[in-house]
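In the two assemblies presented below, subunit A is common to both, partnered first by subunit B and then by subunit C.
Our next item is the complex of A and B:
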């Protein structure tokens, strides 16, 4: 997959749309065949998902709320992927930061004004996420050790460590199931226009757009893109590749951490032991599908959120297991790769 | 296999039918007519030279013969029979072997192991049969190579001989050599000439592709000239034998360019005869602007590091660095640019210690490095021409303000540069990888040779360029030196070094084997011979 250069190529619109629409269509069709094999009506399932995830008021609110952490993670992934750094440890960064926010916010809420509590919680979460990326970042910068492996390993450690913290350190003594102290609903992120949607989604959309602007309009973003597109050219041009690697990792992981904070101080208010939504690896294919483009990511993440929320309802109603959504995502990735490969072959054979 | 070989030998020696006969070969790529109705006979027992500059259609023609491309129209006959060469495998089965410009052997495997590669996966490796064939071909080539030596330990000339063996492995019919002399020493070129002559005398049709006229005249029985995809002329053996070198050269230049006078520069570049036209005006009393004192570098496996390199470079001077590729030139360039740390020694700019300065700091002091890997590290391929022009200034005014990119200014600069330096590109926003090598080099030269540059390090500045761009690049180097630029010119082209340098240092295994004044002080000594001996370590 080629990284998009500093400005989008002109005139490639139709091809671009086809390369995105085709895998989606193929995934839906093949996914439908699987549903048929399970003796479910695919049309009924898809209609139900759209109805519940998008068209009903409650479902729509839920889908938008769900988009917030996904978008923040996506913003972090865009930064990393465009710089050619494969930060696959977002789940650990997300969860550990969420626990940090869940521990701090209820402690500060009684003494500080809400806005300060929320800001400090978000900052702490960002810092914890960034901190958790330091090991893979330094290993990569100093010794060239593949960050896919190290960030994944740190992710497992982070997830387990977060559980340990919930069960042993920040446990709310008043509950039987281990969980952290609960942030009262009135102290959480403000809700929008009397809906159940909190302003986390605004933070998230802003984050994606800011990241997009940073990548296309600033020196820092261009440096990251040079490192990502041709690391040897970065060395040749005298860019501090090591420092940029650490900065990229910190920013990427920090945004994943922010996603955790938004989920806690916006929606949940507390974290139960063994809670792990594993959003990170779900967002990766979406970011690829959007070709690391900010605005496109917003659209894809929203569609995915609809699919997830609708899929959860469908699981209860139609008896289609909720992980069928994952099957669809898997198919999507597969066809994305196939379409990419065929396109590549076609170009090569044209001798272009 | 034996059967094929037998057949090939019988056919080629039996009759006057050409080994390969091409009629009206046309190949079109989007926007380019790479081969335009080329007709060519390749005769057994003849060394047929294909001359032409880059982009003349030589590579496409080879690719068609090697089975990697299909012609759009035209006919290929092998020993009189019309054939379709659908794949490299089929090409080999027809007895057509190709040796490409770059060595395609596995350095860690032995000679025999390399020769055993490429057979069907289910066939067992048969050492004895391979060794027998190896010895047979060694006799054919008239060379001696240790079959159990790792290929990486062999010299480039010997590696090439192994490549030739591999090309002839399936039958001694036709041998295509694509620019085989580009990485050889003068002596290596002589050896190759002997091997080619020997193969031809045994009835093999040898196709020798080059852009050097002298080699064409020295080794060729027949010369065909390609230009812009067309065959523009042919010198058959009878005519060629009747001419002396000057007359043949004159004729070929006429064929290539239509006229000699109009393209004085082209013919000189082509002839490799532009002997030291540049008048050096270096005052030995001026303090050196760049000094290396006993500089060494660490080398990873497979690389050649520097050992104890000391050099001085004065304003207005061109110091040539000769040597066979891979003798430490890359490390020298990188350690000068600041891309690679020196493990020992000292680098001074204007007498100040600059050993620990990074790329940016050295650039501020006026040092520019024009890399030979134009797309590998010099540019970011998918990025626009405009972005690549400011690649080494990201974040600096006037193109950035408070870290915000001022695209408009960058694009303006790019449009100006494109006009000034005649860069052929659809627009300043075209990805630079879409440009031809010559135009990429123009962009790089524009970026690196700004008015603040005082020291320029060129690494193979004309590598892979066509004649016109070779001439342009060489002229820029000469002009730079005339304007006082201290120039370090790393090159594997001897004629380029002889044309431009005031002194030539020869690198061998990471050391400076010797430094020769150009032209040589004492009369009667042959500078090429001296350099060639230094390059192979013979004169150490």
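Our next item is the complex of A and C:
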């Protein structure tokens, strides 16, 4: 991972921009060619996405709202990736926590003040997310078992388990389609300045910035970075690598859980059975593109939210299903690695 | 309780276990080849899915299951080719590329399926089976084990074949060396890049074949994202099998049983929520990993690209 995390040398500002712009451009062009092959006009598609996701007032509000869960997930991934840990179980952590928040909030809302209900729901979600990461964390810390596989397995398990909970345990008896009890709109996260955007996005931006400061400016963050850069050196330096691994995983998964809570108490108010937005892996390329830098993550996540919201509109209006966004994300990650490789080689040959 | 032990239930369970287990067997054997050679092939989920899509489309258009299987293997290999080029030849990060390929293939196959079939999900005809004469008459086990498409028997035959290949042939030894000590293999005059590329391509072919079987026989149709983590289970199988093909077979059967339990229970009229049953295989993976974690062994050079002269 260090290959991608490497920051560009000072004075190579232009190179830095190219390393970000080039993969994005390549992904959009190759994606466009795929659209062309399917007899859709890529320019029309991209123009439509920008118009609906960014330039229209309703779309812009939706894009900002959508940024909230994505940013919280990204914050969790920054922690994990900087510590050299692949937490790929985000989807399970997100969904289970969302269900937990959806079960707790409507139950507390009638008896407790809103701020307390919302806080408790978010705390529960954070705890559930963290709890769901304990197995992969311990397996990695104790036996060195690859956390990619274990966290993915826990994710699949969590997604099915969340469905079981929605259908069998927390089901609202008053609805035909299985879903949890609904949190009334007036009890949800407060909205900002008369818009449809709720304050979840502020929590999310703060989380990303705090995580960024923690990783770059505190002793704890530095320790995690050492573990990430070279676990063996970290052991020799006397760092408790096992405990740090568990802590990293818990923090990362907890933030993913918080993302689930914000989506529930901010936007949806309820969880329907079989709902799974699968945000987790979509955020991975964005975090890499930003080179684990907090402020850059905020910018890229917002752009991606525009793409998602615009893409959802385009699915209805232009007949290009939103799967196309998935293709773009895969291409982005692919070209990111290719550009990184070319840049690395160019610098190596110049150095030699 | 009688219902659980009835012949229909057992036959349905074992038959279903084989049908569900074959994709895992093929993909698991494939992943094992890559892992032996030192490549952690996270892209296998994408290779399976591409195999499922291409296999289904070819079988649907041509009406031939065999052409579908060949197409599926080709589809898996096409994805594997990208992986071999980028991760083996150019020594890029295997995990990043693996995730990218899986995401890209998920999107691409769903997109193509949408443009081809809109929202309809056409089905293939029932798969032709080859009943093994003499064996298919055995009560319970006969119809459960010996009335399958020939590919199933070929897949099982692959187990001893690969076992022999790993232990007795130069190819197998080269594979092992590429994972254990690539520099030594290089020094002995065998190209590490070629050995590993061949391994990744073989993985792609087997994973694609597994995906094609899943779509053509298991489901009879293609649904976007239909592999649903089977590729990742295959990785676990390969991890726990410690390089032995027979263990992949046993593991695949075990997971096959847990996957087939829903259908088998429905035969007996017991209604179990599908979500509960869907948890089974993944819960089992976790349980197995927790119990046997300390025993899983991976080649020392796994996941590390080989660059000559690099330390």
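One rule holds for everything that comes next: the second predicted complex is superposed on the first by the 341 of 352 C-alpha atoms of A that agree within 3 Å, B and C clash if a C-alpha of one lies under 4 Å from a C-alpha of the other, contacts with A are read in each partner's own complex, and residues count from 1 in each chain.
The rule we apply is simple: contacts are C-beta pairs under 8 Å (C-beta built on N, C-alpha and C of every residue); 3 or more make two chains touch, one makes a residue touch a chain.
Remember, it's a predicted structure, so these values are computed and weren't measured experimentally.
Of the two partner chains, subunit B is the only one touched by A:217; subunit C is not. Look at A:261: by the touch rule set out above, it reaches neither subunit B nor subunit C. When the two structures are aligned on the shared chain, A:160 is found in touch with subunit C, with no touch to subunit B. When the two structures are aligned on the shared chain, A:325 is found in touch with subunit C, with no touch to subunit B. Of the two partner chains placed around the shared chain by superposition, subunit C is the only one that A:338 touches, whereas subunit B remains out of contact. Set against each other, subunit B and subunit C differ in how many residues of subunit A they touch, and the higher count belongs to C. Common to the subunit B and subunit C interfaces on subunit A are residues 3. If you check the complex, the residues on subunit A that touch subunit B are 2-3, 5-7, 9-10, 216-223, 225-226, 229-230, 232-233, 235-239, 350-352.
The part of subunit B that touches subunit A in the complex is made up of residues 29-30, 337-339, 358-360, 363, 369, 371, 373, 376-384, 387, 391-392, 394-395, 400, 403-405, 407, 429, 431.
The touching residues of subunit A, when paired with subunit C in their complex, are 1, 3-4, 34, 38, 86, 88, 135, 139, 142-143, 145-146, 148-150, 152-154, 156-157, 160-161, 163-164, 167-168, 281-282, 284-285, 288, 321, 323-331, 333-334, 336-338, 340-341. Of all residues in subunit C, those touching subunit A in their complex are 40, 42, 82, 86, 90, 92-93, 95-97, 99-108, 110-112, 114-115, 224, 228-229, 232-233, 235-236, 239, 273, 275-276, 278-279, 282-283, 285-286, 289-290, 293-294, 296, 298.
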